[in-house]
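Heads up, the next two complexes both have subunit A, just with different partners, subunit B and then subunit C.
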Partner chain A sequence: MGVTSHRGAGRGAVRDELRRAVGKIAAGSAVPVFPMAGVGGRDAARRIRLSRRLEVVSSPRAANVLLIAGEITPRLLRPAIRIHDQASPPRATLFLIAGGAPEPDVPSKPEAGSNTEVAAVESALRTHAIRDRFFPFAGLVHQESEVEAASRALHRDLVLAERATEPAIQPDRPPLPWRGRGPYGHGGKGMTGGAPYGRPLPERGNDRDGLQLDRLPLRIGPFFPPLVPGLLLDVELHGDVVQAAELGPNPFSGYVGASATCPFMRALASPVRIADLELSRARSHLRWLSDALHALDLSALSIRALALAERLEADNVPLISAELARFSRRLERSRTLTWATRGVGHIRVDQVGDTHGPVARATGVEADARCDDIEYLALGFRPIVHDDGDAWARWRQRIGEARQSLRLVTQAGDRRSGGAGIVEDPRGMIRLQTHTLDSTSQLLPELVTGREWGDAVLAAVSLDLDLERDARLTSVIEEGR
Partner chain B sequence: MTDVAAGVLALGVALFLGVYLVSVLDRFVSDLVAGHGLTANVFWAGPRRAVLLLLQQPSRTERPDAEAWAFAPALLGALGALGLATIPLAPELPLADNADGIVLFGAAMALVMVAVFLHGWSANSVFPLIGAYRFVALALSYEMPLALVLISAALPAESLSVGEIIRSQTDVWNVIRQPLGLPIYMVTVAGLAFWGPLRLPDAADLSGGTRAEVSGPALAAWEVGRSMVLVAAAAMGAAAFLGGWLGPWLPGVVWMGLKTLVLLVLIVWSGHHLARVRTERFVVVAWVVLIPLALIDVFLSGWLALAAR
Partner chain C sequence: MITAGALLMVVGTTTIALLVLRWVGGAVRRETIPEPQRLPFLGGNPPTTHAWSRYHIRYYAMALLFLAFDMEMVFMYPWAVVFVREGTVALVEMLMFIVILLLGILYAWREGALEWA
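Moving on to the complex of A and B:
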C-alpha cells in the first residue's frame, strides 16, 4: 500500500515536471489574442498586430487572451460576455482602461477640470465597474505600452497552470427547453416539426433567383473582426447571399464627447497647422489600408501598412512617402487585388446623397471642404477624384489621398487652416452650422443587400466607417444646438 | 514486410519534414513581407504553436456532429499522406509506385472536398457552413484543370505510374515540354490546399470559416492536415513537371526535396502577396480560361508524344 502510493506520488511528480516542460515550450509561442475595441480603444486594439509576441486571431475560439481596449458601453457588454465565454479554456481577459493612445503629433492638454477630462474619468470609472462586476479575474493595464508584457504574463501563467482559467460569466445552458424532435430538431410533422430551444425552424422566402429557400436571421457585430468595432448589422442570409440588412443602433451613442486630441475637431473651432491635419489624414488612411488588407487575409502586408502609419511623424515624411510610393505601386499592380475589389460595393452618383469624403470622391463627386480654403488653394490643392464608385476606386482613392497628404505636409510649412466651423476630416466634411451629418454608414444596408457574404464584407470594409466618429459628431452637433 | 515498414517510415519522415518546412517558410515569408527583422524564431514558432494548441481545450458548439468534426482533420491529413505515398521520392524509394499512381493521387485530392465540407458542416454554426459550401462551389473548378494537366504529364510517359512519368523526363522536363502545365497546376494547388488567393473556406471575412469554431488539438490537426495536402501537391508538381529525382551530382532524394521546396516557396509566397479572390470570379476564370488552356495542354502534349514515337 505504502509502496504503491509512493510510486504514485513519484509518477505524479514526473507528470507535473513534464507538464511544466511542455508548458514552457508553449509559453514561448506568440500569444493568441482576440481584441475587442470599445470607446477610444480602436487604435490600441489594432496596434497589437505590430507586436511579434502577440498573434491576432480571427475567432475567439482560438484565443488565450481577450483584450478589451477602451470603454465597454451597455450595448457592447453582452456581446463581450458572449465572446468571453466562447473562448476556449485556458483563457484570460486583459482590460486596457485609459482609452487608446492620443494622436502622437498632438499633445493632449485638456485644461484641468475641463469637460473632456471629467468625461474621461467617468468613462474609466464605468469600465472599472464593469470589470469588477463581470470580469473579476481579468488583468488590467492603464498604458497601451503595457499590453504586450501583460498579455504575455497572462499567457505564460495560463499555460504553466499557475493561473486558473477564467470561468464562464453566463451559465452554459439553453435559454429555453429543448423542444426539437430527433437529434437535430428536424423531426416531427412535415419539415417544420419541433422548436429546438424555442427557436422555430427557418422561414422560407424567395432568394434573388426566385427560389424558395430558408432565411437565416443573423446579428453581426459589434466585434466581428473584418468589420469596424461597434458596427451592428442584422442580416438575413439565403445561403451566403445577404437577402436583407439593417443597421443596428450605434453602441457608442451617448458615450463619446468632443475630443481635444483630434486635430480635426480642434480645427472646427480654431486654426490648426495644415501639416498636423494632413499627417493625421495620412495616418487614418494608412490605418484603413491595414484593416482592409487584414480582411483580405494579407496579414503580413497589413502589418507593413500599419507600421507606415504608426511610424509617420513630421520629421520622416520624405522617407515614409518613398516607402508608401513603392507599396502603393505594388498594390495597384496586383491582379488579385483588383479581382477581389473591382465592381464590389458599387455606389451610383445618385446614392451618394449626404455622403462626403473619399467615398463620395471615389464616386466622381468633387466635394472637399479643402477646396474652399484659401490656405489649401495657395498650396495648389486639387482633390483626387475617381469615377468608378466601386471598392477598388475607394482603395485607390485613399491610397492616393494619403500620398497627396504627405506632399501637402512637406509644402505646408506653418500655414494654418480652420476655425470657420467646417473641416474635411479623413472620412468627410464636418460642418457645424448646417448640422449635416455624414451618412456613410446609412449606405451600408443598400450596398450589401443581394450580395454574397464575401463581397458584402469587402464593400463594408471599403467604406472606412467609424462609429465612434459618428457618435462624436452627433454629440458635438447636439451641444451646438 | 521490411520494405513496407521502411516505406511507411520514409513517408512519415517526409511528411514530418514537409509540414515543418511549410511552417518555417510561412513564418519566414510573413516576417519578410511584414518588414520584421528575421530571427531564429521562424524555426521555433510553428512547433511552439502546435504545443500551445495541444494544451488548449477543444471547443463545444450546440449539437455539433461530433464524429464528423473529429474525422475531418484526420481525413485531410490521411489524404495528404495518401497523395504523397503515390510519389516515388527517389528511384530506390518507391512508396506505392503502382501502375496508376497518378489516378490514385487525383482521387485522393478530389476527396479533400469531403474533408473540408465535413469540417465546416459538423460545427453546426453559420460561418463554418458558409465556408464549407464555398469550397464545394470552388472544387470542380480547380479539380478539372488539375486532372487535365496531370493527364498531360502522363502522356509522354505512356504510363499512369508516377515513377514512369519521372523517367520519361530524362531528356527534357515536362515544364519545358508542356509550358502550360506547371502554371495551371500551381493555381489548382492553391485551390486544393485552400492557400493564398484561394483561401476561401477558411477566409478572414468568415472569421476563419470552417475553422471559426475550432480550437485546441483539433485546430492543430487541421493545420497540419492542410500542410500535408500542400506538401503532397508540391511533391507531385516536382515529380510531374520538374523531373522529380532527376538531376546531376546530388542523390535523387535531395533533388526531389529541392524541387518540392521551390514549389512550396512559390505557394507560400503567394499566400502573403496575393489577395483572396472572389469565389465567383475564380469559377468564371477557371471555366473560361484555365480549363480550355488545360485542354489545349492535353491536345498539344498528346500530339507531341505521338510525333516523338
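Moving on to the complex of A and C:
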C-alpha cells in the first residue's frame, strides 16, 4: 500500500501489529468459499457444505476463496474469469483438478476402458493449461480431501497479508467507452438516450397491465448458485416477473464422455446389481434434496440431507432409512416448505411429453423402466405417483422414491438388472435406441414464464436438472449410432 | 450583525468540516474499484443493458386498498362518539358498512393486489 510510505515508522509498526492480531482471529474463522463446478466437479463443490471450517457463500463478492472444481470448458472459461474479477479483494483461487473423488458406488476400480482414462487425462491437461494461462497465482489440489486444508491456508495467508490478493485477469477498461461523451459527459444522448455509462437502455414492452415498461434482459448462469451448474437462462424481467425465458447452450456439450463409474451407464450394457442401482438412486435424490433445501436457504437441513447421502453405504441402509423416515416426516410437516413450493412450477399432463422420471411421475404419469423389468417386479416394485404436478409434488416424489430405493436395497440381495439398453436412472428413463434428449430442461422456460423470480428459481430447482448427464447421454448415444 | 456573524461561523465550520472529511477520505481510501469488479453478479455473464430500468411499482393498487381502510376510519370516529347513545342500531350499521368494505378488499385480494410484483 502506497499510503504507509510517508508515515512515521512507529505508527506503521503499531498498525502492522494490530493488523496481525486481528488477522489471527480472522484466520481462524470459517472460510467464505464460492464454488464453481465444471465437468465432474459438482459433487465435490457440493460436499464443501459438509465442512464446518468452510462456509459456502452465494456470491463471489462475499468470498475469499473461489473453488474451481472439475474441468472448465470453453463456454465456462469467460464466466469463470468474470467471477474471479468480480470477487472483492482479498481473493484467491483454488483449483481442484482430478475430477473430484470417484463415485463411492464402485469401491474397486471399474473396468475402465482406455478411452475413459485418456479422456480424463486430457480433461485434466486442459484445465491445467487454463490455470497456467489465466490463473497463474491460483492454488492447486488433486484430491477432494485436500480442499479444506488448502482453502484454510489460502484464507489465512490472505488475511495475514502473507499472500497478495490475485490481480484482475481482465483489463481495467469499461466495456464501452463513455467518459466525456454526450452533452452530460455520461456517454448518452440527452438524459436517457444512447448508451449511458457504456450500456444501452433496455427495450420496452407491455407488462401485465398493458403499460409500456422496460424489459430487463439478463443472462443468468452458468455459476448462479441456486440453479444447477452450467445452466444458462436468458430471462427478460419486468420488475420481479419473468416475461420471457430461454435456455442457453449446454456448456458441457462435447466435454463429457461415457462414464464407467456411473452404475446406470453400466446397466445399459450389462446387468448390474439392483442394490447398487438403488443405492445410487437414493444418493442422487438425497443430494438433490440437499441442493433444494440450500436454494431455500435452509442450510442446516441441507447439510443434514447431504450427510445422509454421503454416509449412505450398503452396510448401513437400515440406519439411514430410519433417519430418512424421521427427516422426511419433518419436511412434510413443514409449513414453510409447503407454502413455498405448493402450486409453484405446475406441469400439466399434456406438457409432460418426452419427459420421464420423477418429474413425470409427480404429474401422474406412471412411466418407469423398472415396471417392465422382471427382476424389479419380483421384488414387488410399484412406482410412486403423485398427481399434483407442482414443485411440492416433485419434492414428495423424490423423498418417497429415495425411501422406496432403500427398501429395495434391503430386499434385492444379489439380483441384477440391465443389459437391455434401457434403464431408469434418478432423472428418467434412458433408452439407448430411441432417446429424446434434454426433454426435462426444455420444460423450464414454460414453467418460469409469467412467474415471480423467486418462484421461477424454485420451479427450476424442482426439476433436478443435470446438464452433465444431458451432455453425457448425447455423447453416448451418438457413439452408439 | 449578529446574524451575519452566525452565518459566517456556520459557513466556516461547514467548510472546515468538509475539508477535514475530504482529507480523511483521501487518507483512508484505497485504490479505486476496477471496472471488471463493478459488474453485478449474474452467475458469470455481464449485463447487456443499463440498470436504469423503469418498472411498475403498482402504487394504485396500494392506494385503492388504502382507501378501503381509510373510509372505515373516517366513519368510525363519528360513530364512536354516538355509539353509546345509539346502541345496537349503531353496531349493526357499522357491521354492515365493514362488510361492504370487506367485499372490496376481498375483490382486490382476488385480483392479485396483494402480490408483490
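Here is the rule we use: the second predicted complex is superposed on the first by the 447 of 481 C-alpha atoms of A that agree within 3 Å, B and C clash if a C-alpha of one lies under 4 Å from a C-alpha of the other, contacts with A are read in each partner's own complex, and residues count from 1 in each chain.
Here is the rule we use: a residue touches a chain if its C-beta (ideal position, glycine included) is under 8 Å from a C-beta of that chain, and two chains touch if they have at least 3 such contacts.
Fair warning: this is a prediction, and the values are worked out from it, not measured in the lab.
Within the superposed three-chain model, A:Ile83 lies in touch with subunit C and out of touch with subunit B [touch as defined at top].
Of the two partner chains placed by the overlay, only subunit B lies in contact with A:Val159; subunit C stays clear of it.
Of the two partner chains placed by the overlay, only subunit B lies in contact with A:Gly23; subunit C stays clear of it. Legend: residue contacts after superposition of the two complexes on their common chain; A:Phe224 is shown touching both subunit B and subunit C. After overlaying the two complexes on the shared chain, residue contacts for A:Asp209 are found with subunit C alone; subunit B is out of touch. In the superposition on chain A, A:Gly239 contacts both subunit B and subunit C. By the touch criterion defined above, A:Gln351 reaches neither subunit B nor subunit C. Looking at the shared chain after the overlay, A:Arg61 reaches both subunit B and subunit C.
In the superposition on chain A, A:Gln170 contacts subunit C only, with no contact to subunit B.
Within subunit A, the residues touching subunit B in one complex and subunit C in the other are 59, 61, 86, 88, 174, 196-197, 216, 218, 224-225, 239-240, 452.
Remark: subunit A residues 1, 3, 59-61, 76, 78-80, 82-83, 85-88, 168-175, 192, 195-197, 199-202, 204, 207, 209, 211, 213-214, 216-225, 227, 232, 238-241, 452 touch subunit C in the complex. Remark: subunit C residues 27, 30, 34-37, 39, 41-57, 115-117 touch subunit A in the complex. Looking at the complex, you find that subunit B touches subunit A at residues 29-36, 41, 44-45, 47-49, 51-52, 54-59, 62-63, 126, 130, 133-134, 197, 199-200, 203-208, 211-216, 219, 272-281. Listed in rising order, the residues of subunit A touching subunit B in the complex are 22-23, 25-26, 28-30, 32, 52, 57-59, 61-62, 64, 86, 88-90, 159, 174, 183-185, 196-197, 216, 218, 224-226, 237, 239-240, 293-301, 303-304, 307, 334, 336-337, 339-341, 344, 452-455, 457-458.
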